[in-house]
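Both complexes below contain subunit A, partnered by subunit B and then by subunit C.
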Partner chain A sequence: MVWKILLFLVMTAVIIGAFVTASPMNPAISVGSPDAYRIFYFHVPQAWVASLSFLVAMYYSIRYLQTRRMAFDIRAAAANRLGLFFAVIATVTGSIFAKMTWGEFWNWSEIREVSIFLLMVIYGAYFALRSAVADPDKRASLSAVTSILFAMAAIFLIFVLPRMYAEFSQHPSDSVVDEEGQITMGRTVALIFFSSLAAFTALYVWMYRLTIRVDETGHNRTLEGD
Partner chain B sequence: MPSGALNWVGSVLAVTAKDIRSEFRTRYALNAILMFALVTLTVISFGLGLLNPSKEILAALFWIILFFAAMSGLAHAFVREEESGTSLVLKLSCPGTVVFFGKMIFNLILLGVLAILIVPLFIILLKIIPADWGIFLLALIPGIIGLAGATTIVAAVVSQATVKGALFTVLSFPILLPLLVAVIEITEVAFLGGTWDEIKAPLQLLIAYDVVMTTLSVMLFDFVWRQ
Partner chain C sequence: MNANIVVMIVTLLVWLGVFLYLLSLDRKVRKLDRGHEN
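On to the complex of A and B.
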């Protein structure tokens, strides 16, 4: 209970802080309205949570194939569902920002947009598969196998491809860390950003646990033949 | 154990031969793939009419035709086993890897036939001749291998589901996206007539993709096949 109140306070502080402090924009490297860059405090944590969710889903998919325990399948499905939710939010916020700053809602030569799009397609395909298999055990192992294949394709697209085509991204890659891995943000910006990152992650964990509880209850009721 | 290895190859080819024989009885997959490719190609050729599309666009169109044609028939290798109820016998008579490679080679042959038909038609109807045939084949052959390697396991997954056709395309697309990016890049160079340096990066990606995806599919195949 205490941590929920704490989360509420931190989230409130982040929202207020994001709008009353100076813009996080670095005029030396970025274009557009400085106020638009305030989205950085919300957009990046959302994209981070969406990617985190993908890793969680992957972990539980592998665990399921190792153990064949239904609990792991429920966890993987829950992580995928929340991942889809955060990926959509991150895409919408990012797209609005892109329109304001770079002039277009969507740009295929931007690798981060391609990768978040791929992430959404993967989540969508995952649920298309789940809804097409009736038998729970079969559904669990088929979706786990497909998840792992998706993960490998995503690794190729997100990590290998951009390295091969150097000038692929407009995203200010040095906004969080520079080449040496040092944090380049000002102190206020860093404080708000990392608080927001922590708050979004905590919010994710909370939502994730709720989802699992609901799904496990549903699963147990089906087992009882209710 | 050379005789063991030989035995293994023999069983793989036996599965492929069995598939080819039953394919020739119905010609379902072959007809679907070839007709789909032909129809798409004609529609594109008609649709473009007197327009003069750039060679970059033609490179992308070529792979779009190949991708969707492959999607229309490659799932059949496993769907047939489920529909005719023969998958259980196959499961009992040989190990999973043998089935996987047998089906993959069968799909590879289907795609090979498709390429042999579609490449000349594409050249005739869309009035383009690859400036560099060597580079073109370097896109085509590893591209087809990757297509067969990555979709064979998806076909096995889809054959267990209720809506097979649409699901196969939906599941294959994210998996094949890196492959498509790489092959379109190489085909562009082949059509425009570039140097070998230009295709080094995408070719590395393509070959790495083929090896990694096929290996991963073999590793995961038993989880799908032996329920």
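On to the complex of A and C.
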């Protein structure tokens, strides 16, 4: 319970800090209102948690293929569900930022917006596949293989593709680290940002544990019903 | 009122709602677990 109270306090402090301190963007080089850049404190941690969740799903999918234990399939599916959930939230916050700075909610020539759209489509296909296969063992095996492939595709879409076609990106570059790996933020911005990153990661862990417990209870009841 | 303060209050209310919802879900899952063990 202590860590939940700590999470509540840290996230509350992050929200207050994000709005009462100066904008993380220098007004002299800001595109649109500098206040729009405050969403950076929430948008980037949401995208980070989504990426983390897809990697967790890949890990448990590999474990399932090694052991054929259904508990690993439940954990992989739960991670993919939460990954997709945070990807959608990151897309919504990104669209709000896009509207306030670039004037449009969506731009098909923005490489990061296109890549997150493709990511959501492939994970939508993952859940369509899961719902289409009735046999639990076959469903788990197919899901594990696609989950591993999709996680690799996610790494490519999130980290590689936007850097390969940087000329098609309007995103602020060097927002966290520069090309030499140095943190480019001031101390206050870094404190709020990394606190937000920690709080979103803790929130994800909490949500993930809850999802697994609910799914495992449902799975056990189904077995008892059989 | 300053727009930043309005957005901050709305965000805090959303966070409070999410936190309370997760706490209530946590309690329900614990009860389910206990019921399942018994």
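As a working rule, the second predicted complex is superposed on the first by the 205 of 226 C-alpha atoms of A that agree within 3 Å, B and C clash if a C-alpha of one lies under 4 Å from a C-alpha of the other, contacts with A are read in each partner's own complex, and residues count from 1 in each chain.
In the analysis below, a contact is a pair of C-beta atoms (placed from the backbone, for glycine too) under 8 Å apart; a residue touches a chain by one contact, two chains touch by 3 or more.
This structure is a prediction, so every number in the text was calculated from the model and none was measured.
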item	value
First (subunit B), second (subunit C), both or neither touched by A:Lys138	first
Touching partner for A:Phe150 - first (subunit B), second (subunit C), both, neither	first
First (subunit B), second (subunit C), both or neither touched by A:Val121	first
Subunit B versus subunit C as contact partner of A:Val2, first or second or both or neither	neither
Which superposed partner A:Asn220 touches (first subunit B, second subunit C, both, neither)	second
Partner, of subunit C and subunit B, that touches more residues belonging to subunit A	B
Partner chain in contact with A:Val20 - subunit B first, subunit C second, else both or neither	second
Contacts on subunit A seen with subunit B and repeated with subunit C across the two complexes	none
Subunit B contact footprint on subunit A (complex, rising order)	65, 118, 121-122, 124-125, 128-129, 132-134, 137-138, 141-142, 144-146, 148-150, 152-154, 156-157, 160-161, 164-165
Subunit A-touching residues of subunit C, taken from the complex the two chains share	3-5, 7-8, 11-12, 15, 19, 22-23, 25-26, 29, 32-33, 36
Subunit A to subunit C touching residues, read off their complex	4, 8, 11-12, 15-16, 18-20, 35, 38, 206-207, 210, 213-214, 217, 220
Parts of subunit B lying in touch with subunit A, wherever the complex brings them together	150, 153-154, 157, 160-163, 167, 170-171, 173-178, 181, 201-202, 204-205, 208-209, 212-213, 216-217, 220, 223-224, 227
